[in-house]
Structure formats: C-alpha cells, structure tokens
C-alpha cells in the first residue's frame, strides 16, 4: 500500500481486516515494525477519535507520531497554483509538503469540505497536492469526500460481529429455509442499511460516501441506502446499492443499520429536510432482524439517534469507535511493510 | 487505588508520600511499570504544571501520555442526561467516555467550576460521569472543588522539609520545654496555616478545599485557616481545622504558611473583599516560627504575595511545584500496580 | 555548549557542522545519548519547521520532547521586575522559569519581537530571563533578534553543497585563472549574497541578523548584503559584510543568494518600500554564477520569490529546511554532551 485515501488503495480487503483483528487480539505483536519511523499527523480541523486512534496505532507499532494542528499551531496554507501570495495565506503547499515529507516517513492529513463549491471539494485538491509534493505515503485522516479509516473500522466491526456470532452461517441457513427457490442473489447475505438521519448543521457526505464505497467493494452484504428525496449521494460511490426513500421499507430484515446525517450532494451542502421521523428509534427497529446499530460518532442524541437505542443492547457504536485503533494500525503496518520492502529491494528509502 | 479524585481514594498516605520521595531520589526506578500502558490527559481548561508534571510522571514510568485540549482540539461535550442535542454541544459524555476508555488504560481529567451554580459545581458531575462511563481509572487533574495531585505535592513538600531538617523532632522538643504541662493537644505538632490572599479575579475554592481535606487526613500538624469574614470554605473539607479571621493571630508560631486566594463559597463565586492588607509580607512573617511560605502557582506577585517573600529564603514555592512530578508519579504507579494486580488475579484487564 | 542563543555560544563551528552532517548520514547513531533526558519546547508564537525539527532531533537522540504552546495552552507571562500583577499577566517568569527548569533538562524557547520598541526587542529580555531563572540550558528556537538554529542549517546547506560539488576547489581555481594578481582577499572564496525581498507584512530582522552574524563568523565566503535604502541592519551583526543598495551589482558572480524580507531596523518595524523589482527572478539570476537560491520559509510566492525560481533547479529551499533537523540534532547533542561531562566531573546535575 503506497497511499491510503480510498478503498481503491486496498489490494486485499479481507487480509487487511484480518490484520486489524490480529492487532485487536494482540496490540503489541509488531512493537518494532515502526522503529525509527515517524508519522506526521496534520489536522486542518479538529478531531478526537481519528487523532487519538492514529497516535495510538502508531505507538503500538513502535513509530513516533507527531500531531500538528495546522490551523491553530501553524498558519494558512495556499493550494492554488501561480497565485501572487499577498493575501492571508502564509505558505504554499508546494513549499510546505516537501519539507514535511523530509521530516516524516509518512503523513496523515485531515481536511474538510467547504460544502460550498462541490467541484472543488470533490476534486480533493488538498490531498492530491500532498500526494504530489510530499514524496512520502499519504494517509487520509478524513478528506472532503471520504473517510477510509472510518469505513475500514466499520467493516472490521461487522466482520467481527459475524465471526463471533457465526451469524453469516446462521443467516444464510434461515434465509434458505424461507427462500428455497434461491433466486434472490442476496439470499445468503446479511443486510446492511445506511439510513440518513436529521442533524442541526450541514455535514459532509464523506462518511456516507466512504461507507457506500467500502460496502460495495466488500460485497458480502445486501447493501441498501435510505434517505429522504434530494439526499442522493454521488453515484460513483453508491453504484451497486439499492436506494429507497421509504425508510420503513428499507429497514425490513436489516442485520445492521448505519445511521448518519449528510447534507445534500445535488443541492450542494444544503439541508433539504430535517424531518425528525427519520431519527432511528426502537420502534423502527422492530421490522429489522434485531439489527445492530452503528454510527461513526460524534452523535447528536435524540436528534440523529434516540437515547433508547444508544443506551440499549442494539447499539455497537462504542465497539465501532474502539475499532478505529485497529483500522489505523492495520493501514500503518501495511504502509510500513511496503516501505520496508521497497528499502530492501531498492536499496534506499522509498520517496 | 482505583480512581484518584480526592484524599478518600488514598488508603495509606504515608506510603504514598514515601513512594513519591523514592521517585524524587530515583526517577527511573520503575521505567517499565507502565510498559504498553497509556494515559489520556483531557484538559477542559489550560494548565501548565499539572499537564507537564503528569506527562513527565507517565514517561518516567514508561507509559505513553497523550494530551487532548478538549476545548481547543475537540468540541463541546454534553453532560446532561436525556437532552435533545440540537444546540452547541456536539457529543455526549455517555458516548465519548467509553470510547476514550477503550483507547486508554487510564484517563486524567481537568475540569473547572462555573463559579455560578454552586450545587452543580460541587456535584462534580463531569468527573463522576467520566468515572461512570469510561470504565477505566480516572485521575483528577484538578476538578471543580478539589485538586488532589496538588495537595499530595503539598504534603510531600512539608514532609520532605521536616525530614530534611528533622524539624518535627526539634519542634516538639522546643515546645515541650516551654509548655511542660502538655495540655495543648497540638503541642508537639508543627503548625500549618492556610492564609487567604487577595486576587483580581474570582478563583475556585478547589486548592483550599483540597489542602484542608489533606491536612486533616494527614493529621501531623496543628492546622489553622485564616480568611476575611465571608470566605468560610465548605465545612465538609475544613472540619477539624481552627478557623480564625484575625490573620496576625493565626500566623503566630506558624511553621508553614500556605497562601492562596479563593472566591466566596457562601456567596458563591463572589469577591467580597480584596483588602490588600491580607497580602503576606516579611513583616507579617515576623510572628511566625520563621515559616516556610507555600503557594500552588501561578501567583500574582505583589497582589497575593510580595516580591520580598517570593524572592527571599522563606519561599519554597519552586520546590513545591517541582514536587508535582513525584506526586503524579506516585499516584500513577499505585494505579498501575492495582491494575497489574487485577490483571494477574482476574486474568484480564480491569474494566 | 551551555546555552544556544547566538553564534557566540559556538566554540567550533566546523565541528558542529560536521556533527550535523554525520547525523544527516546516520540519524540514529546516538539513539541513547539523551536517554532519560527531556527538553521542554515553549512557543510564544506559532512555528512549524522549528517545532517539528526540534522534536524530531530530540527523538533521534532518545530524548523526550514536550511542546507547550504558551499562548494557547498556557497563559500570559510577566517579564517586568517589581510589577504589581493586577492586570492580564497571570504568572511571572521568575516563578515559571525555575519550575520549568525543575521539570526539564533543557528548555527551547521561541519568542517574537513586538517590532514597536526596538530597545526592548534587542535586549532579548525574554531569553535572558529564562537563562537567569530556569537553571538549565536554554536553546533559542528563534528570538526577537536572532534565529541561530536556522543560521546553522543555512551554513550546513552551503557546506554540504560545496563538499558535494567540490565547488570550493573549482571556484578558487577559476578565480585564480582570471585574477592572477590575487589582490582580492575574497578571490578564492565563494560569494554569498543576502538579498532583501518585498513582503506584505512587517517582519522581524532576526533571520537576516542571524545569517549575517553566522556568515561573518564562518568566514569562508565573500559576504554581501543588498537592500533598498533604509533597510540597514544592526551593524553589530553585519560588520564585515559588504553592503550595496544596487541589487544587480550585488548579485554579480554570486554562488548563493539568500532571499529574505525584513522590516526597517532604523525606522523600527516599518515597511519603507515594497518595490516589487526587488523580487528575485530567473532574469536577475543571469548575472550570478548560476547561484543556488535560499530562503528560510515560509515564503510568499510571487512576492518574495517567483514561482519560476522556487520550482526551478536553482532553488535549494527544501534541502535547507530539511537540514533544520540536523542543525537541531547537532546542537542538542553538544548540550547533552556538555551536561553529561559536567555530571561525570562534578558528580551531580549541572544546574
């Protein structure tokens, strides 16, 4: 793995998930893999879980992690080419990135969309300029349109649950009993539903985009997305999923419900509806297959998700957030291994 | 020791102080006790000494310490139960704490009182919710009403001074000569005075509360509190101390004078008096037993304490602040030992 | 080396540069020199390269580095003696510094000039009070008037370039051919030009002062400073350099051009001219000896330096910034060695 900015950087998702679960069982088995290696974690906006889980993952591998809150501890970076820098931006990415690349063996970068200019946000300019100019592997710590470390943690959480409960097997058995003809291509698959939720602020689409992209690539679930009209996500991420605007219909027989708000992609960055009936409740869950409820956190209680769900037995949001460490650790260790392989086989540092 | 939020969590204060002094003599004797362990230090308001001394104490024990400035690097947490989170708070403690508990082996938490709602401040809601939801040991890095790591450092400083000077012995000898009848129950004890000082801003009562609580539990001193009328502290902390509103009277024969401002407890959070005659000076010290002067820092020079005292031979404020490291190291190592004991005897991590 | 605040703290510049280049070749050869040692890095204003390079240098030597952003994570310090602290400053340097000195084996301090009161800025009060009160070695991470870690990195960059290209030798040969008489004392030296550049904000003189001071002490170059009238630097730093207000004249036959803006020293802190013709371009470079172009970064593109230069083959600004790590590592290791020597020969910690 050279960079990690989307599911497309993953060559073997099953192996990556198994690596993560191996670390979960034994966090310190590769305590020296990152010896004398260093990751710089650049945050253009605040983060708690992503920052902490990445720092911890790095430490578990014996790497040194240094966090830089670019906005607070640094200054405004310029990303436009050819500009006369007589305004508020203090340094160009073309100058900052190669220096950071000389200081670190890899860089984690957290950016955020403007939610004003879709084309610019979806170009992922920030991330691509870091890749272009830093000369070291770039790991997305959430970008304008995607959040791959979160999505990997999501897949880990589902896989872990299935393995532990051997649910996949059970599920396929039950379904085959009721569906002898076996015409349904999803008949022996679990059902995962991504369900839009209300929120008080316009949020990025990145978690929803990214989860869709990873679910489609994972391929082990019947994947349904449900949202009010006008909240269609970018097709390049959702293609392959069933999209339904009737939430009750979508939730039927679901094994996992991933609850998440996002602002409109088509009427970009807008809140089109905040219908509170879209908030998941225990009552809505009754039509599911006693579904486990997921959310990437932070969650607005009693706006996105009810207390009764978050405090009840169906919520697995804590386990999901805890798995962020093993997601990050699996990715960092793959990048370290690629880098070590390159050093061994090319005789010098992969830059 | 499971948590450390007040003196009540200490089973053997003498042993704890001796552990601290052992670390002061040899900081790195337990370099591997905290191997593969991690403390998360959450600051809801700025801190210099507490933050640095805790980080250093953790490092001395081989632990990894990660600091999170919650206000600046994170977001507003919600502590009310059942609330509809459609306002400014982004995440509920019920969701944040268990995730932090999954990332860290213990959490240090620094909170601050509002100084507006006494009942709320004195409920220590923040700290108790962390204890309730995090599932790992919680260490107070100063709370709304107490500052136990400071108080332990204060006791260490006094004990160290007595041991070094063998003053306790000398003092009791001198006193017994002049007081043959021996009626005074404090006759062979040193005298420690907590003396209120003026300040320009309303400050919490926590350092004064906590010092009172620890002095009473320590029991090796005659303990006197002096302050202008209206500045009585919460009796649950001061009970057992002699309270005098005449400062000159209180200072007589004092061996240690702890200078500290606090706002009113009864007329909650108010500044009732800023009489500058309460500032300690060398002249006031003449009635003491050449008392050593303490302050938790930061100190407003020439408001709380005069330059002549802070720059003179009676001040031990630097040693006192330096002892914060050994205070924290003693507490962290007790918690690590309890946790290791639990792992050994229960076969898994104490959560 | 006891402190590191200017070139005057360097006893053997050649040895220091060679140490830096040794670390560049093998960063981890002294992985245990700083074992159980700790540096506190205090930033009174934001920094990226200085902060990261110092942290990395410390880690390379096995030291623990703790960063404190004093303004954001701490509070306002008072530096005036004898003041009644009833205003906005919370703690006096006389109280803060000795505590920090008790926590750390050395302190890095980054301060900034007001650009309003020249006498105060040039007194370097902040730095000198830290030296006076902390009791441990103080390392300037840029001060009001100087930036010695930058200047050392600048010298390293030039030396490295000369060694790699054996340019010194070649240059002296070429010069001797065209200048048989050999009257010019600079005849066999390379030529380094410090060239003022426009900027949108008034900047400190520290980088320019410091580079001048180090170039003069280094003594291996013909050193020329060029700037518009009114931008003369403090003679105590520039004495020995040739000062020319005609940039084209100054650039003739230059081997290195160091581009940097500074505000006026004489009309203190003022911007007297922002003539954009002072911006270095490829055309201006034609009169040089195909000069390498340096800048300490961050650089305002197309204001201080044109894109064509920064993106072209003459720019060595990335290498120069990368060398900040080896500059810091050489300085930290000299201080550690002095400190270890003192411990060995005096039997206790050098305070």
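All chains are identified by letter, namely A, B and C, in their written order; residue positions are counted from 1 within each chain.
Keep this in mind: a contact is a pair of C-beta atoms (placed from the backbone, for glycine too) under 8 Å apart; a residue touches a chain by one contact, two chains touch by 3 or more.
Every value quoted in this text rests on a predicted model; they were computed, and no experiment measured them.
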> Chains still linked by touching once chain B is gone?
Replying inline: one piece
>> Validating interface symmetry: for the copies chain A and chain C, is the fraction of residue numbers used by both over half? Same or different.
In response: different
> What is the distance in Å between the mean C-alpha positions of chain A and chain C?
Replying inline: 42
> Tell me, which residues of chain B touch at least two other chains?
Replying inline: 72
> What does chain A use to touch chain C in their complex?
Replying inline: 36, 38, 40, 64, 66, 68, 72-75, 78, 82-87, 90-92, 94-96, 98-100, 102-103
>> Which residues of chain C touch chain A once you look at their complex with the stated criterion?
In response: 27-28, 43, 46-49, 51-53, 55-56, 59, 69, 72, 200, 297-303, 307, 310-311, 317-318, 321-322, 325
